[in-house]
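So that you can tell them apart, the chains are marked A, B, C and D in the order they are listed, and the count of residues begins at 1 in each.
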Amino acid sequence: MDVAIVGASGYAGGELIRLLMTHPEAEVTVATSRALEGRPVTDQHPHLRGYTDCVFTNPAAGDIEADFAFLAVPHTAAMNYVSPLLERGIRVVDLSADYRLPRDVYERIYGVSHTDWFEAPYGLPEISREGVKNARFVSNPGCFPTGATLAAAPLAPHAAHVIYDSKTGVSGAGDNPSATTHYPNVADGINPYKWTSHRHLAEMKQELARLGSTAACYFTPHLVPVNRGILTTAHILLDEPMGQEEVEALYREFYRGEYFVRLQRPMLSAVRGSNFCDIAVESEGSRVVAVSAIDNLVKGAAGQAIQNMNIMCGYAENAGLTVPPCLP
Amino acid sequence: MDVAIVGASGYAGGELIRLLMTHPEAEVTVATSRALEGRPVTDQHPHLRGYTDCVFTNPAAGDIEADFAFLAVPHTAAMNYVSPLLERGIRVVDLSADYRLPRDVYERIYGVSHTDWFEAPYGLPEISREGVKNARFVSNPGCFPTGATLAAAPLAPHAAHVIYDSKTGVSGAGDNPSATTHYPNVADGINPYKWTSHRHLAEMKQELARLGSTAACYFTPHLVPVNRGILTTAHILLDEPMGQEEVEALYREFYRGEYFVRLQRPMLSAVRGSNFCDIAVESEGSRVVAVSAIDNLVKGAAGQAIQNMNIMCGYAENAGLTVPPCLP
Amino acid sequence: MDVAIVGASGYAGGELIRLLMTHPEAEVTVATSRALEGRPVTDQHPHLRGYTDCVFTNPAAGDIEADFAFLAVPHTAAMNYVSPLLERGIRVVDLSADYRLPRDVYERIYGVSHTDWFEAPYGLPEISREGVKNARFVSNPGCFPTGATLAAAPLAPHAAHVIYDSKTGVSGAGDNPSATTHYPNVADGINPYKWTSHRHLAEMKQELARLGSTAACYFTPHLVPVNRGILTTAHILLDEPMGQEEVEALYREFYRGEYFVRLQRPMLSAVRGSNFCDIAVESEGSRVVAVSAIDNLVKGAAGQAIQNMNIMCGYAENAGLTVPPCLP
Amino acid sequence: MDVAIVGASGYAGGELIRLLMTHPEAEVTVATSRALEGRPVTDQHPHLRGYTDCVFTNPAAGDIEADFAFLAVPHTAAMNYVSPLLERGIRVVDLSADYRLPRDVYERIYGVSHTDWFEAPYGLPEISREGVKNARFVSNPGCFPTGATLAAAPLAPHAAHVIYDSKTGVSGAGDNPSATTHYPNVADGINPYKWTSHRHLAEMKQELARLGSTAACYFTPHLVPVNRGILTTAHILLDEPMGQEEVEALYREFYRGEYFVRLQRPMLSAVRGSNFCDIAVESEGSRVVAVSAIDNLVKGAAGQAIQNMNIMCGYAENAGLTVPPCLP
């Protein structure tokens, strides 16, 4: 299957290329970049030198030739690609925020008008796999909502308050330099940002609701001196106290058979480069601490997008996603 | 004034020596270490080369000669020094946990018997300065309770639930190598530990109660790839919603005139090496996020101990603590 | 082919297991550890959870059952395994220092007596591939000599002085905590060690001589705040000045057809997790700066060992070593 | 004495303000910034909150009122300030490169025309203190030349080849974000740059010559994942072999009585925030490894500038520079 990556110069684009190298059915044949048109992909992604001769191109949306496309462009850019691609029979996963939320919520939170809205399945397979099957278009979740929702999901119906305190590596800010990502501003620091107003909160609330929760939901992200990974500490205040064994049983049952969820002590290094989400829980009765670790660029972006592609296309769900993580 | 530092080889001991270098009234004349007896202090603290000719000694508790003593030894060791020192007229600040809690709470949480218990003022001056004045013995707070309590204090009477999510630098684990502090286990990771059972929780509850709070109190610490500093994100669920201005006014009022509390965006690098606690707050109505940044070895240990000494001795409260922090 | 890993609990052992997961012909059937006997391999290597049910065993050297064995135990331990394994028809790659040097040099530098010495091919395939072919036993090079030798090799016959200034990540020190690897002693520092006396110098001199060089050879390693990777800056003072184009042509020619050597700007992140050695050179006439980047645990240990196994067994030289590196 | 800092918004400017806080004779009364005119200094330097009410101004060169001025602006900008300040009786230390080199060398290397050149004393006091005394204008050395020259100076007359392999923290690149300083491009990496062509090489050669050396001089800098500090490994090939004791004696003699040079194992953390240069040496006969550690923003910039001011003004040479460094 020929795959196009629209917006292939950034971190998520690079990860799509890297991961698809080991996919038995898919091959990247189109990698687009406005700024780098004509340059070899390996100039931007030097780790892939020797793996691909691909050159960045800059086709119009209607000129992209492929069986499948990933949109790894910013929100508001993605909405220009979806219909042109679908109309030509190309299935699509969109990694941007453009189709994750109801139109009104999206327009309010992102402060823009949507020019091509329709409802799309939300591709967090461990929560809503059925919607993804046979879909021709899937919206890929945000990095924070992925780790947060998977941490809290089994307790969603039992929670009164869910507070997500997340710690994200700097690759989540993209490859564009800014004061936020300037090394001396990051190293030796822990920087909370958008303490109560991060855009991903809406997705988190949406997913808790989908899971039958009526809990109040809060979210504070922190930028931490780490390249990759999101660790989410979910502080869950329960309606009724639950003991450790009961909680553990709930998680085991909820995630039974899920290849990408491993119930073990979450360490960023143990999931690095992989599509795993490692989760553990500890109950003190009225509060449960549930912690998840993901690689923000993989389970939080490119890897989950490929997982969705696999489900959409009927491949093994872990095709191209079986390479073991690399620790330390 | 001659000062003895009992347990001067560790990080807190080293910080006491460093900070007292700039104190106008105090001079370190005794620095004890069992393991390093006879060796120059600067072998262990090479940054201080050129500042002191002091040599580690190992006197019995009853043989220490000084006007003032800091105990920077582990809990259970400290309790052997207090009475012998006080009996000889030496005033004392204990940096260990031995006198921070009621006896029964201490014995239960630390799992040991106290052999010389009595009640001591808890030296968090911004909360309970009166008790410190004229005291001959003060118990210095734990590093986490200092940052956490200062973050939440103004809202204590209005809180229903207080969740402290703390991120600590590795110097908090001391200078003794272990798997926990092994570089590859720390770098590129964010490691929660004692998710619901950290010993400092009891101090946090005690201080909230002292402030008139009936809130449920929770605490989860994380080890982060930073040398120095604790950032505490206090998620405070209020009894009644409060707006941003009202909350800010509360903090301004509460900390008016406090030299060591600065109400500005907390950054670990902006307090590094200093006794400051930088705090900011953001309200979303029912939840307030209050974040504090301290240097765990200074306001969380040695600096606060000197602050207590200054209050006990009638010196300017910031004597020896005026050197500006160093950023980046 | 059944593979035994003797000493499978450390970083190199873990990497052998990780990399062999993707090898088409080899399967790890024995993983030994004295300290962890009876425990699942994934307790020690949690990133591999879900990939293997292997349990650590502790067989005597004469009881190991396999077609091929890797020795990932410390020097002096390895020499007890080689003959017993070879006698039973098991081919071996030794990752320790026990067979890298002539007996007298080894005994002098390592300060021990060798109890079972014989000559073994030195498995740096890009330099001496022929010796490895059809061998039943190969000695795997040290991490520093691998990166250093590959950086300087094309210029070896033209050099008067070769000074290797190497910067190594902390995983090179193993997984055993010590003051050297204590996080606060590593972070924010650059620590030279064994400035003129590192044991790997002898290997470096041996390889320069093998390449026909009569240059004086010097080596100073530095521990740097990085988990993985060795960057070696080779300062090469030439017998006769050479221009940039001439030097580049020499390198291109020397490494033509080498899968694992890529002539591009060396970045640790671009080789991380992989068996690549990225090299670039810059001439200023009388001095050439040649810099190489390797992953110390892969090309510097486990990956090169598998590369040697592949050559010994007639597999594709990059079998099990084709997974792309992961950046950032 | 009233002090003006021209270009006070960057790291060097911030350090000048921080360090002068503890100076007994000097007070910062003017802090200029084009971009931040009208804003409080503490908005840009939040660690100094509570220490100063100073507001950034943007006066013309001829309107600056002060007794002494530091120029912490980029090269080519500094040359516009010197004469106007000197003409009005204001003594000056220039931290830029504009007056460090002979005019022709400067113009060739920096690729610009000098519009106001004259000869100025080079302010590396340990090497050429006499020239600084009573000067009204001093050119402050570059960060790399400071650490490198101090490392090699005592051996300068005995050296045949001097190779400086330097490792610099990221604050040396300034506070302006760029791809070079983007966190994911720095963390977990060691990045050599300008391998043979860094502009500071000319200063290094000039200082070796001043010290009576005829050695060939080479320099390769590396950016390392550290905020502050430069560690320079000087590989010195001698004309004639020298033993360890002889070399050590040479260094002790050369630096006898120098307050800011400490002969001990160089660690970046042991000099952080201070004006010290820690140096140690190890001889292997024909090669000596001499390693220096400085804080690039202090001894490599602001601290040395204050040291020069002190000498120019007849203050104690260490006035304002006695605060102990902060480790870890």
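Operating definition for what follows: contacts are C-beta pairs under 8 Å (C-beta built on N, C-alpha and C of every residue); 3 or more make two chains touch, one makes a residue touch a chain.
For clarity, every value in this text was computed on a predicted model and none was experimentally measured.
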Counterpart interface for C-D, drawn from B-C, A-D or A-B and sharing over half of its contact pairs: A-B
Greatest separation from chain C - chain, by CA centre: B
Distance from the mean Cα position of chain C to that of chain B, given in whole angstrom: 45
Inter-chain centre distance, chain B versus chain D - centres from mean C-alpha coordinates, in Å: 36
Residues of chain A engaged with two or more neighbouring chains: 11, 171, 184, 187-188, 225-228, 267, 269, 272, 328
Residues of chain D that touch chain B when the two form their complex: 11, 14, 18, 21-22, 45-51, 171, 188, 227-228, 259, 262, 264-265, 267, 269-274, 276, 278, 323-328
Interface residues, chain A side, partner chain D - complex: 11, 170-171, 175-179, 181-184, 186-188, 225-227
Sites on chain C touched by chain D in the complex: 161, 163, 165, 167, 184-185, 187-192, 195-197, 216, 218, 220, 222, 224-229, 231, 233, 235, 237, 266-269, 272, 282-284, 286-287, 289, 291, 328
